[in-house]
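Have a look at these structures, which come just after this line.
Look at the two complexes coming up: chain A is in both, with chain B in one and chain C in the other.
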Partner chain A sequence: MSGALGLGERAYDLVLRQATVIIFAIVLLYFGFQAPLFLGPENLGNIVKQSAFIGIAAIGITFVLLTRGIDLSVGSVMYLAPLIAGFAMREYEGSVALGLMVAIGAGAVLGAINAFFIVALGILPFIVTLASLFAFRGFGAYLTSSRQFDFAPALREFGLSSVAGIPIPIIVFALVALAAHLVLRHTLFGKQVYAFGNDPEGAVKAGIPVPRIQTAVYIISGAAAGLSGFVLIAQIGRIDAGFGEGREFDVIAAAVLGGASLFGGVGTALGAVIGATLIQTVSTGLAFTGVNLYLQPILQAGIIFFAVLIDSLRQHRQKLRRRRSIRPIAT
Partner chain B sequence: MSDTVLELASITKEWFGVPAVSDLTLTVPRGNVVGIIGENGAGKSTLMNVIGGVTPPTRGTMRLKGEPYAPGAPRDATRSGIAFIHQELNLFTNLSITDNIFITEYPRRFGMVDHRAAMTQTQALLDRLDIRHAPETMVEDLAPGERQLVEIAKALHRDADVIIFDEPTTSLTPRETARLFDVIERLREDGRSILYISHILSDVRRLCDKVAVLRDGRLVDEGAIGDFDIARMIRAMIGRELSSLFPDRSNLPSGQVMVQVDGISQPGVVADISFQIAAGEVLGLFGLMGAGRSELARILFGLDPAEKGSLSIDGREVRGAAMQRIRDGIAFVTENRRSEGLLMDAPISENISLATIGHIGRGPVGLLDREAEQALAEQARSDLSIRASDLTRQPVRALSGGNQQKVVIAKWLAASPKLFIIDEPTRGVDVGAKYEIYALVDRLAAEGNAVLFISSELEELIGMCDRIMVMNRGEITATFDPRETEPRFEREALLAAAFGEIVT
Partner chain C sequence: MIRPFRTMTASVALALGGAFAMPVQAATICFAFQDLETEFWVAGHLAITTTLTEQGHTVLERNANEDANRQFEQVNDCIAQGVDGIILIPQDGESATTIVANAQDNDVPVAVFNRPPSDLSRGIVVVADNATIAEQAVDYIVDQALANAGSDETLNAIIVVGDLGDPNAVGRRTGFYAAINKHAERFNVIEVASNWDAATALSNLEAAVTANPQVDLLFTSSDFLFPTIRSVFEPRGLWRQRGEEGHVWMAGLDGDATACQLIKDGYVDATGVQDLFFEADAALQAILQAIEDGETDPNQVIEDPGFALTADNIAEREMDMWGCVLLAEGFLD
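Now for the complex of A and B:
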């Protein structure tokens, strides 16, 4: 059908589809021009390392967005799941590996709680995860009385270590991205996630196990959020009461910026990686070039707005195209 | 030819004690195309849902390939070899052709899906159907007709013995339709049986080996296609002669042009649309689904933009958004009564006052004048004989299709328009209520209004219109005026024009 479109329209389509990559290139060039050191390997490596935190959670939430859902609780899961891991490590004098497992597991359980209300009780994801945003954080505050929680030094050693010169956060980020990519592209589950997001009713009719899929995506999102929190905590060594607060919006913005649609059915793991890295690049770049600290949130807001705008434009475009089939356009 | 694939024995399906299908016995021979025809509400969908495992019959039994067949869910039907190709295709547009075919049972290797094996199998299916697209093509990049072929490929993949088509041609271009018929022909030669539901009787005649006519849930007529001309089909479907279906028109159009449309074009939608409607005239607009009729209506009513062209009523040009056009005298009875024409959960009276809310809103301190609203509704009830128990409390949802349509018309009558655009007014309305709606159309014209009557049912246009205009692919391909040419409308010529074939 694309053959029927004019050159200009095809270019517009391409820009819409590749918007993030194009913006990314412009941002890199701009900051590189302002401060050549910005493009140095050390700084770029740092950016990727810092994007791991938002990026891992963004990969997780991409699964939810694919099913037309939303998960507002990721910021609170980032806080609560590592906290539970911390208690477990203290209680059992456990290793970092135990902490890692518990953080992921606790995140998955929190995700399963969301899934229960959404799938079994049929409550809107927005409402459920808005409630759990407060509930999960509140539970963490109850456990710690809102005090700072300190981890054993071994954790920080792990968090700041490298394997073959590659920092641990980047390795975890890469492994999560690869795993998510394989699941989405190369498993039946992944394909059914896309199918469900495209047409929930059609998925039921086609005999796809819809409740199972919907449950799984919230568990995945929770587990990813737990892991992402743990990866950042491992670099800091302690956890504050406000940790992860408001981060759900960075995470959603990263996923949408990476091409995931809030209307479901569209999005990739790689996109979430790119989206998260772009957000980090901008904030590092702003700091690097000495832009007024108070202007930064406004610029961040601009990016988020832009991401959602692009998503809407893409949707609008699809609608237009669906209508277009009545008669060929005279050229 | 003689062996039977599917047998239905005394199938009855009741909803709360009311039969939708009663005591129906039908056999489907192998390698046959069986046309199922009947009016809306005749029981076709219920019967197909019983066969497709969507709902179990209340009484009666089915046998498939000689075995007892009692599906508990659509999945059972699929497994037993029955494929149902719905009017609304069940495809995921964000996935490839291959993914769509294998979405519930992908071949696997090492725990992951085996794309290569799936693609090879898909390619073989596509070759059988002459689909010239790669297996990895996204469904969203396919035209509607090609998407339907993908559905058929899915049926072939599951090795279906019986394939049910529900109004398959409504969204297809003539060429796609011809191609679909080729494919159905091939499926038949392949020994598969086909149940073909359609309102397009000429297609049924062309395609089917056998016809079954349903009316009020009963099989009223059945036979080989050789004995079934279109007149017999219609007689059997409506159970009486055609002439009594429509009221006599009570007036002739005046000589005075009321509505003038000049050169309306919108790229990709409609091209160079010009016509006139006289005061008191009913102008029919016929065309296949997707010909651009409703799109034209939306443009005339100001819902969609047009790049070029003009519309004037009584010599005054009408422009701007729908709100302005309502004031200038246009009423639009949309084809989507439920989603666009009515507030389904609001009471009847509120629905009737919607188009004139500006007048009703002038009660004390700018509040709605409920008494005026009620009076308006009361008048509409007696005027149009709307059958409702309580105008101010009963939600429109609780009314029958025909009465809902009357509420829509009442809403517009209150705004005293001059041009009525009526899009598929009798869709989902039973035969008796249809007559009342036709009588209303006649009354609108007799009161000196101009009516643009859009329909895909040729018979009702022929029965009600002074002239009929035919659209194909966004253009007007012909206008038929029985006063000028033949003494009456020629079905063949109308259909030919709708299909975009040359009219002689």
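Now for the complex of A and C:
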């Protein structure tokens, strides 16, 4: 069918399909032109490293968004899960590996709590995760009396270390992205997630274990948020009471920017990586080139809005084309 | 497990409790705060609540979790419960003005602690002179940096700015520039946004330092960001003690325990101190006096002049800084 389209229309389609990547390239080139060091390996490495924090959580929330759900508690999980890991490391004089496992485990447990109320009790995900956003942060504040928590120096050594010149946060980010990509694209579970998100009723009729799928995606989102918080804290060595506050919006923005739909069924792990990296690139570029601090949030919001707008245009155009055609169109 | 913070602020509370003996009978005070993100807010909160409770007053605590609208509703709820007075740590200057006016219109006296309303004409406002305190701290590191640099050398100065919706952050930035502009021709200033968030500060500071690898001086608008600064500086060889080649002259503002320790260790050179003891004491005295006098709309601005604790005066003034008091009690252990 695409052969029936004119060259101009095909080019337009291509631009819309690859909008986020094109905007990404434009942003890189623009800041590179403003400050050549911006495109240097050190800065590009920093961008990917700093993207890991939001990116890992965005990959996790993509699973939730694929099932038409939402997880507003990720910012609080980013705070509470590493905090629990810190207590575990201090109590048992444990290693960084123990802390890492506890952070992921605690995040998974917090995700399971969300899942229990959503799946078993049938409460709306928005309501449940809004409540847990406050509950998890409140529990963290209770544990610390709102004080900062200092981790053992070994954690910071780990967070600032690198393997073969690649910083640890980038390695963790890459492993998470690869694992999520494989799970979503090449496993039965991944196919069931997409099937449920595209047509929940149809998925039930087809015998897909919907409660199990829904439970799993919230656990994955929690575990990813716990890991992302741990990765960032590993670079600073201290967690403050305000850590992660409001980050749920960045995480959701990254996933949506990467192509995930808030209406379910659409989105990829690699898209979340691109979304998070684009947001970080804009943020770093503005800081790097010394843009006026009052203008930075406006410009950042403008670029993100533009990217999401282009993506919406693409989806709208695809819908129109499907309507006009009597046969399905390859996208 | 973590040591309860409550025990460590005992001396702060005792200091305040002993500072004044109000004749007022037991009152019910609503303490509405926006959140407790940093050591300063935590210490201020506990000093006020502990002192009031120990004096026999009832404290209704309301945490708005950084939501100005929620705080407005919480204060309305307190008014409906018939509280005798309100102590407020607002989310921002604009919402503070609305909340203070609303409380006074309902005949409840209100004291605003540390974060001033945009309109200072209503309510008891206890506020640090952020601009002057910042200027004193930055003056010190500017003098040190210039004294240790060549006479024609241009120096790179970084300021880590707070949330520009917060009047305290704006005041600190103003104070920084007041000090820098005395030698404007000698400094190239790089602004880094933090939004009072460690992750944002880490990312933006890393970008700024990559773009400008030569850093001579840094001022952070809050001491709580020093661990973040260390994470960026250490791998680049910029985290060095005084006297070492390549030492970056650094100052902060708040006067917390971490800053006290870092000044002692030689990594940080100065911090602007908000006098927590004075501010909490002034807020309590003023609100309790208003209740005692039956005054429902007391309007008064109480300014905390603050001071700069530096590497040169720490030996004499250490115990004037609340963070050093907490440090001496083992706060960072």
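Throughout what follows, the second predicted complex is superposed on the first by the 297 of 331 C-alpha atoms of A that agree within 3 Å, B and C clash if a C-alpha of one lies under 4 Å from a C-alpha of the other, contacts with A are read in each partner's own complex, and residues count from 1 in each chain.
The rule is simple: contacts are C-beta pairs under 8 Å (C-beta built on N, C-alpha and C of every residue); 3 or more make two chains touch, one makes a residue touch a chain.
Nothing here was measured: the structure is a model prediction, and the numbers come from that model.
Participant: Quick one: classify A:Gly107 as touching chain B (first), chain C (second), both or neither.
Facilitator: A:Gly107 sits against neither chain B nor chain C.
Participant: Determine, under the contact definition given at the top, whether A:Pro169 touches first (chain B), second (chain C), both, or neither.
Facilitator: A:Pro169: touches no partner chain.
Participant: Name the contact category of A:Tyr194: first (chain B only), second (chain C only), both, or neither.
Facilitator: It touches chain B, and chain C stays clear.
Participant: If you count the residues of chain A that each partner touches, which comes out higher, chain B or chain C?
Facilitator: C
Participant: Once chain A of both complexes is superposed, is A:Pro82 in touch with chain B (first), chain C (second), both, or neither?
Facilitator: A:Pro82 sits against neither chain B nor chain C.
Participant: Quick check: in the complex, which residue numbers of chain B touch chain A?
Facilitator: 74-75, 78, 90-95, 99, 103-104, 106, 108, 111-113, 115, 140-144, 267-271, 290-292, 295, 473-475
Participant: Mind pulling up the chain A residues that touch chain C in the complex?
Facilitator: 35, 37-38, 40, 42-43, 46, 50, 53, 87, 90-91, 134, 137, 141, 143-150, 156, 159-160, 232, 235-238, 240-247, 280, 283-285, 287-290, 293-294, 296
Participant: Along chain C, where are the residues that touch chain A in the complex?
Facilitator: Where chain C meets chain A, its residues are 1-2, 4-6, 35-39, 41-42, 45-46, 65-66, 161, 164, 190-193, 196-199, 202-204, 206-208, 210-211, 224, 227-228, 230-231, 234-235, 332.
Participant: How about chain A: which of its residues touch chain B in the complex?
Facilitator: Residues 1-2, 182, 186-188, 191-192, 194-195, 197-199, 202-203, 205-208, 265-266, 318, 323-330.
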